[in-house]
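To start, I am sharing the structure in question, which I have written as structure tokens.
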Amino acid sequence: MSTVYTNPPRIAAEIVAGYAGLGVATVHEAQGRTGLMQPYMRPVYAGARAAGTAVTVSLAPADNWMLHVAVEQCQPGDIVVAAPTSLSDAGYFGELLATSLAARGVRGLVLEGGCRDIAELTRMGFPVWSRAISAQGTVKGTIGSVNVPLVCAGQLVHPGDLILADDDGIVVVARERAAPVLAASRAREAKEAANRARFERGALGLDLYGMREALAQKGLTYKPYGG
Amino acid sequence: MSTVYTNPPRIAAEIVAGYAGLGVATVHEAQGRTGLMQPYMRPVYAGARAAGTAVTVSLAPADNWMLHVAVEQCQPGDIVVAAPTSLSDAGYFGELLATSLAARGVRGLVLEGGCRDIAELTRMGFPVWSRAISAQGTVKGTIGSVNVPLVCAGQLVHPGDLILADDDGIVVVARERAAPVLAASRAREAKEAANRARFERGALGLDLYGMREALAQKGLTYKPYGG
Amino acid sequence: MSTVYTNPPRIAAEIVAGYAGLGVATVHEAQGRTGLMQPYMRPVYAGARAAGTAVTVSLAPADNWMLHVAVEQCQPGDIVVAAPTSLSDAGYFGELLATSLAARGVRGLVLEGGCRDIAELTRMGFPVWSRAISAQGTVKGTIGSVNVPLVCAGQLVHPGDLILADDDGIVVVARERAAPVLAASRAREAKEAANRARFERGALGLDLYGMREALAQKGLTYKPYGG
Amino acid sequence: MSTVYTNPPRIAAEIVAGYAGLGVATVHEAQGRTGLMQPYMRPVYAGARAAGTAVTVSLAPADNWMLHVAVEQCQPGDIVVAAPTSLSDAGYFGELLATSLAARGVRGLVLEGGCRDIAELTRMGFPVWSRAISAQGTVKGTIGSVNVPLVCAGQLVHPGDLILADDDGIVVVARERAAPVLAASRAREAKEAANRARFERGALGLDLYGMREALAQKGLTYKPYGG
Amino acid sequence: MSTVYTNPPRIAAEIVAGYAGLGVATVHEAQGRTGLMQPYMRPVYAGARAAGTAVTVSLAPADNWMLHVAVEQCQPGDIVVAAPTSLSDAGYFGELLATSLAARGVRGLVLEGGCRDIAELTRMGFPVWSRAISAQGTVKGTIGSVNVPLVCAGQLVHPGDLILADDDGIVVVARERAAPVLAASRAREAKEAANRARFERGALGLDLYGMREALAQKGLTYKPYGG
Amino acid sequence: MSTVYTNPPRIAAEIVAGYAGLGVATVHEAQGRTGLMQPYMRPVYAGARAAGTAVTVSLAPADNWMLHVAVEQCQPGDIVVAAPTSLSDAGYFGELLATSLAARGVRGLVLEGGCRDIAELTRMGFPVWSRAISAQGTVKGTIGSVNVPLVCAGQLVHPGDLILADDDGIVVVARERAAPVLAASRAREAKEAANRARFERGALGLDLYGMREALAQKGLTYKPYGG
């Protein structure tokens, strides 16, 4: 049952490029508040950002063998998404694997496990989002699969899905929805830019979003403090 | 029962200004080791600092409606303190609300929940202390209250209380004690500055604080290692 | 039973110096994946690094008295390793104690508890690895011991052991093994440097480590995606 | 600032008795979803239940001295509510203190800390709700206060408040609201009893609560699976 | 996008019945160590057990409206599997909903959230596996979906999948694999029964599983203690 | 470096028997508040109790091979203490291994990892204390050691040490101290029995322990409530 699926579908580079300037929170909203991984996934350095296409890796717990297998399946623009079949926060990934992935043009790693060599990854600028930081080594004893659908940090990921990750977290966009979600995200961002300008000039969300009537209907009352 | 109290009391600006150069640990000590929020509250970027007067917001879980309501009640020098009635680490707050608060002169947010748009908040220099970082959106369906006493991260906060927050955490000083606690904090800091100079020159706390006798009375003994 | 052992053994300065350029993950691997403290121990600022000889401090919970006692036992090149007899994440350590330790040439602190004055420690460049950040003060009421063997974050530490800490965590090397583990670590690093160069040029771990046959024997198969 | 306040107000015994048959969830709902302590507070044995009037105890961390002081202030029908000024999960309470409290007619303990002697407490039927179970002893070195307002597990508790605790958690009812909240809780329970009977006969909440129209207005649609 | 899918496929009753006597650990092993939900899911009372067919419910956080909607879609033999779109440990489920589900022959609930009315559920014998126990109420303001594929506690669940839950946790078996996994589980159990009898008579796993040679090859050595 | 040490020292059966009636909290106090494992170790069923001599097992993470090896080294009266070299909460232990250990007269297991087959272990009355409950299987791929000193849940354990475990947790008594700690524990228990009788008759700890003067010296004051 352990299989490496080769040549998974990918998203057109110009669509992926469109996501590069968007935030995870914006895309998550734009696709109906779906696709967000659990917040325990954190970047290993502040300011990390990546957008790319998922190559998925199903690992045995505390065993990083399949990460080595997965490297060969990667192309420029990919993001590796890896999860063990049961949780273990050992350090599955470090500088050497990062060097290897970077050499193939991979843009980052999303790992439901532990990561090590944080100082080196920071220097290299190879972004990793992980559940933990740990120097604990793993073994190479049990095989798994590459490019199978898997659940990572609470989200189902298929090979070829769009992955966007930044300081806020990680959002998954299904491959077939990558184009419409990009359009919806840009529309949302344009609207937010307009609102941001209004907020900077002192407008209130109460007025901008027309909330006052709904609040009054819910029964919200105003009283002077201490009155 | 959902009420917005307007015009809560505030602390004189010169007193708040006095806190600007003090550390949370110093003030916490100076007021008898009280008022410290739980340590799970962390700044969303390193080096965050804020001192101001509390505007409090009681939220429904995973619902940020009342943050929009609270903006209108804020003045320059305020810090918003918000907590849901039951814990949920969704992302209640992001860049747009921060822009709106910053436009009114608000100095920061203390939020017992999740925060998003970390990269933008870092760029803006708008400091937030939160329980979690999460891009997960919230709804606007249930009302709450503004400027009521509430418990946030284990501390009771009244509107108008002094809030001081830095990399170490968040301390609450009751409004009526803001002046004497400031004096006590400065006295403590002066003493610490004197001690710091002595420590830099190699003095020992054992001597500086006169601990040797008390330790001996407790029964502490010295022996050569391996002897 | 509370004793301060004076003049514990130390490791030769040139051996400690050898560790200064090595990573925790490398040393942990080089000594057979032993000696790593639990990953809940984190540096209080990014980029922290230290190598030194352990002075150990056994504390009462929420009581930092023995840290003051320990300062006097420290020499240049030491790292203080402190753990309470039961866990409490109060803030045992801050700027003044750091100033005192730095004045004696101590290189850092490993503390299974809470740390405060993070902004000042960052400015000073005095590295601390701790379980928590907390401004909560501690008392000085119960004595403990200095330079006894103790368990810190899951590892047994003897006075005089080698402590190496960086962004990845903390590894303990028994004093008597400090020289051979240094040699093994350097050998490992040399090998990794060679491999790194190969990875940068696009070599695959599958080939470099000769994994293909073992994977096939385990039953790993390759199939075209969607085929 | 450490004070024992004697003879706090109490709630009439017949009102407290009225709460004995009610559940925490019911009372929490009946008072507008307020007053519930954080869910990390758990009974030390299944089936624990208690209703009574709060005697509050503010403890130093890992120090149970004030629990001994509090015993003298207790009367039959009281429940002791104790919280340290900073969190520590040491074992503040065990069989001997339970024997002493039981001898005075105290009905239980709510403790934001650790509890020990679980087997004995189970045998005695003395219910405790705590954050942790731990055999770790505490010291008697720092004083605190009895019968001051305090925050326990996220809720403000005044001496004399009504405390109701069961397998679901702990709810606090302000003393002055104890009578009306009892009436509201009973009304709620009567309504729930009527609904329970309808549910047992197969009625649907969709019909009983008239939800179908609101769901349709929100846009809920029904489709055959796989259709 | 909120839809209730009616009449999802179900598994033949005789196959579900076959799972009733099996343990979660056995079935998990028998299907290749897949399908196990995260271990933070715990039964609300000891000794809980259930086997049935999944009806899935996607909830808004801290909102239990869709549980009411789901009841109507249930048949005897079903198990409801419910997860919010972002985590919140409020109390989504209690006695009244349990009464309603029990009246329709539902065998249990798997809920990635909080559960209340534990004493009543225990008395009723209606088993629930949840992330938390909490009396905190939820709202009915946002719709979701019924009988869509969802991720619950780290596992993808489709409507009609086999759910088996006991004191050890919860395992999901895809509907189309329910029959062969049942056969494999029974075979495994028969083998374990035979081994159990041998272990009771004192046989060693070392001999029964023929491990001695492999251990020696790995380099395991035996030495007298202290020798 | 993987070695099985055979025939470790054991404690005389009559001394171990003496611990059978004592509580973990009592023994922990009697040996100076040392030796207590971390409170995250919990019995898998309520009322579990065991006293015995440690056989230690150092495991690879998520690998239970060495537990099979350890069985052969056990004698009646032993308790197995097992910890992985890095944390993983997979299910290392279940019914079959319990049957095998029980057949050799082993009294229980202390496991810094996950345990499965809880229902069966409860029925058998084979007590296990573990960090987690998980049905997740482990592999048999990496060897470790038996009867080496190891750190389990924060305590150093040598083969032959006395292990006492109950609902409160687990305490380790060094083999050479087993006799004097037993005597001290019995003395403490006798004293507690006398005090318990006094508490039952209504005596106060304030008087029994003569605390009133020390409290007054610390500055504790008494005031009427609201006065």
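A few notes on this one:
The first chain written gets the first letter, and so on, giving A, B, C, D, E and F; residue counts start at 1 in each chain.
One rule holds in what follows: contacts are C-beta pairs under 8 Å (C-beta built on N, C-alpha and C of every residue); 3 or more make two chains touch, one makes a residue touch a chain.
Quick caveat: nothing in here was measured; it's all calculated off a predicted structure.
Looking at chain D and chain F, the chains in contact with each of them are C, E.
Interface comparison, B-D against B-C: more C-beta pairs in contact at B-C. For A-B, the matching interface among the pairs C-F, D-F or B-D, defined by over half of the contact pairs being the same residue numbers, is D-F. Where chain E touches chain F, under half of the residue numbers in use are shared by the two copies, so each contributes mostly different positions.
Centroid to centroid, with C-alpha atoms defining each point, chain D and chain E lie 30 Å apart. Between the CA-based centres of chain B and chain E the separation comes to 42 Å, rounded to the whole angstrom.
Residues of chain A in contact with two or more other chains: 33, 36, 46, 86-87, 89, 134, 136, 142.
Chain contacts here follow an irregular pattern that is not a line, a ring, a star or a complete set.
Under the contact rule defined at the top, the touching pairs of chains are A-B, A-C, A-E, A-F, B-C, B-D, B-E, C-D, C-F, D-E, D-F, E-F. For chain A in complex with chain E, the residues that touch the partner chain are 1, 32-34, 36, 38, 85-87, 149, 151, 154-156. The touching residues of chain B, when paired with chain C in their complex, are 23-25, 28-29, 33, 36, 39, 42, 46-47, 49, 166-169, 171, 192, 195-196, 199-206, 209, 211, 215, 218-226.
Note for the complex: chain C touches chain B at residues 2-9, 45-46, 65, 68-69, 71-72, 89, 91, 94-97, 99-100, 103-104, 114, 116-120, 122, 132-137, 140, 142-143, 147, 159.
Within the complex, the chain B residues that touch chain E are 60-63, 86-90, 134, 136, 139, 141-142.
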